[in-house]
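Let me begin by handing over the structure; questions about it come next.
To keep things simple, chains are lettered A, B, C and D as they appear, and every chain counts its residues starting from 1.
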């Protein structure tokens, strides 16, 4: 076994492969066959046919790109003009959102009215898209290291203590960013902003804190259990409250949620609590993405 | 005449060109990371097209004041803004799933080239077959 | 306003072309982040501040971060091969 | 608002809620909850079908929220949607029951709650698309289906599944991007997203002949987008890997439910948004016919060539999707009816083939190549028989639903112009012959005299019951074909 090990490695030296000393056998075999295979078939340098096909391939892709663009442009040519008032888009649907949005939805941000009150079913689907993505990434990346403990990944990122500048910066910035994210969520129905953007800003604050103080300190108050609990309660609250408003709406029952005085924080009926729920889901998901990508464990 | 229309509708024309570039990057580029960036460009091109439909020159953002005194005619169309908000979050979720798939694939096959991955997966599959026999 | 919008659109198209032409993945990710920031400006010019905040926080912020993390992890897997071989 | 009209809304919200619940429950609890919810919604769908199935009953709309349709969202349920509300939960329940041992085995046991939560989201998206009356709502739930189906493929994290998952994601994202661009262009031309209002303004546009180029491009974009996602022939390169490289319940769910959701959306867009004469105007139906013919032939040819059992079943579903698109291409009325009928038959029989095939594979020592499967059916005569029923229905032998759909397709082809009729009948005959070839060969191998050691696997009653239910579905689709066809034609007439 010793001599063919050298032969394999000599073959792939110009691939800047490492000078392997003695690895454990299982890892060695998998490791070698991969290097061996990689360099055998795809080195474009010597293989001129491969280089030629690369050139043809590149020219073909430019042609396809130009073709698709031209066809679509040719079709788009006679669409309604940009920024004109008489476009078919300005019809009775958008007119009602603008005119009666404040009375019916209660939010001064008419886009928030439309998202969380008129077309609430889309946004319910929307936060479930985010939940699907979080579950998919969880399935894919969780335990990426724990299974192959001796896999290179485990030894790849030694826990270097974060440098003091980052720690000092984080101590000053984290609370401010968290506050700003909370502000965006709470004022989602009064001005631009809302659950999605506010949640992402809060997620960024959590990411900064984790990066500065390390996952152990972060794990004390935000572990996988809290992640699961928060996203469960937020999504369950969102689905139940929207189910209530759909049910009362469809069966023409009066809904007990009042719109409150426009402009006040506690106005716009369900829009504020829904923004808070969406904010928490987005915050947990964004932090979860970061944690899963970095360490394979929340 | 065509060029003049294109110049007038230049936001929509730019969106369509970006969509074409993004689509072909997604389809024809071999590197996984480039594919994901191409997909993200394709999506933001469609949202740029959608948002430019709702724009009315001279109108302001649809934020009513507390007393409701601003006239309804002074706002732009809120529907595209709402739809694009949904779309941006869809685009981020899909990017996150694709990136995690890329990391898993790289950890398993040590390459970012999709052709190589499919080739290695087929070979790995035959090895499993022989292992079973 | 017209000139600024035209300029931004040209930058957007240049970004897309540059991503296709660059060899380095890190450069591609940085161009992706720049693209999101330019889109933020375009949303502001199209009078939709809601989209600007969301694109800035969710588009430029988190997805670019995920791109850099994915690249860091891929390099970690590469270095991992070197590290584990030099370990013993 | 009658009480039973709340069933569609209730089942969608229940699935969304149980997606969140399943992710926090322990594996056993999540399994019980998922099965209970699927059973409940199956019963609700059956009740809805009983009420809406009567001839002359009209479809009703359910206002999601306090505002009527063009402003708020709305879901609309008719006879066809009620039929789907029975089919979708039923097939998924059978897939989860029969695929349970593979799910909770080995290191995947701790990840089963996430798997079930994804299945709940997939079912919520399927039902919302079947009921929805708004194009952008369809896009959002289409995106949920793409992501959750992609996660179902890569559940096992094996090399093959990951590669198949990536190819699936790349091509499906192209498909949903094209669909979204079609929806956005439609909104630009008409200012509406609600299907009825879109129909009215599109008829007005077609009358004045305005935007003719854009309308053709929009129909082409939506058709190509949804064809990519439902693995029609030229865009099917991702399908054989995606349908055959994961746990058996994922294979069954993907090939029998996910691609069906997209075809139904295409049917709804043709019937309710464009209207068949606008589609004829844009010549897209000829495109669909050519793709369908090619798919039926090359799908069966590839199924013959492949040397592995599960991949053969996956390739045959590419051919069967060609049959369904043949029905869509043959046009409103008879063509749609044949497409929906074959969609029901294929959904039941494909799930049955994958699930019972997995049992046969396990009893033959888990290898996928035909050489090792010799005599597998003798070791498991029950599953062997069930697999044979599924194979007969796809070949189209009497007493199975497949025969009815082939007769419908043939009958509908005769009503078309001679060249289309001749080619369709020739392709139907040729592909049936090819089907006979590869299914007969497999059955001969399965039923060949058993020489190896007969390792009689454990017969789980639940799994057996599930496969039996699917086989019953195939037989029912033959014996009760007439009432089923009436319900489908009633549903289609309510569609537009």
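As a convention for this text, a contact is a pair of C-beta atoms (placed from the backbone, for glycine too) under 8 Å apart; a residue touches a chain by one contact, two chains touch by 3 or more.
Every value quoted in this text rests on a predicted model; they were computed, and no experiment measured them.
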item	value
Distance between chain centroids, defined by C-alpha means - subunit A, subunit B (Å)	13
Inter-centroid spacing, subunit D versus subunit C (mean Cα positions, whole Å)	37
Inter-chain centre distance, subunit B versus subunit D - centres from mean C-alpha coordinates, in Å	27
Multi-chain contact residues (two or more partners), subunit C	48-50, 54, 58, 62, 66, 69-70, 73, 77, 81
Residues of subunit D engaged with two or more neighbouring chains	136, 140, 143, 147, 150-151, 154, 157, 187-188
Contacts with two or more other chains, residues of subunit A listed in rising order	72, 76-80, 87, 89-90, 93-94, 97, 109, 111, 119, 122, 126, 129, 132-133, 136, 140, 151, 153, 191-192, 194, 196, 282, 289, 293
Chain contact graph, described as a line, ring, star, complete graph or other shape	other
All touching chain pairs, where touch follows the definition stated at the start	A-B, A-C, A-D, B-C, B-D
Of subunit B, residues touching subunit A in the complex	2, 5-6, 8-13, 16-17, 19-21, 23-24, 27-29, 52-57, 61-68, 72-73, 75, 77-83, 85-86, 88-90, 93-94, 96-97, 99-101, 103-104, 107, 109-111, 113, 116, 120, 123
In the complex, subunit B residues that touch subunit C	10-11, 14, 17-18, 21-22, 25, 29, 31, 33-34, 36-38, 40-41, 44, 47-48, 51-52, 54-55, 59-61, 63, 76, 80-81, 84-85, 88-89, 91-92, 95-96, 99-100, 102-103, 106-107, 110, 112
Subunit D contact footprint on subunit B (complex, rising order)	19, 23, 26-27, 32, 35, 39, 42-43, 46, 49-50, 53, 79-80, 83, 86-87, 90, 93-94, 97-98, 101-102, 104-105, 108-109, 114, 117-118, 120-121, 124-125, 129, 132-133
Parts of subunit A lying in touch with subunit C, wherever the complex brings them together	18-23, 27, 31, 109, 111-112, 150-153, 155-157, 184, 191-194, 196-198, 200-201, 203-204, 207, 282, 286, 289-290, 293-294
Subunit A residues within the subunit B interface of the complex	34, 37-38, 42, 57, 60-61, 64-66, 68-69, 72-73, 76-85, 87, 89-90, 93-95, 97-99, 101-103, 108-111, 113-115, 119, 122-123, 126, 129-130, 132-134, 136-137, 140-141, 144, 151, 153, 191-192, 194, 196, 262-263, 282, 289, 292-293
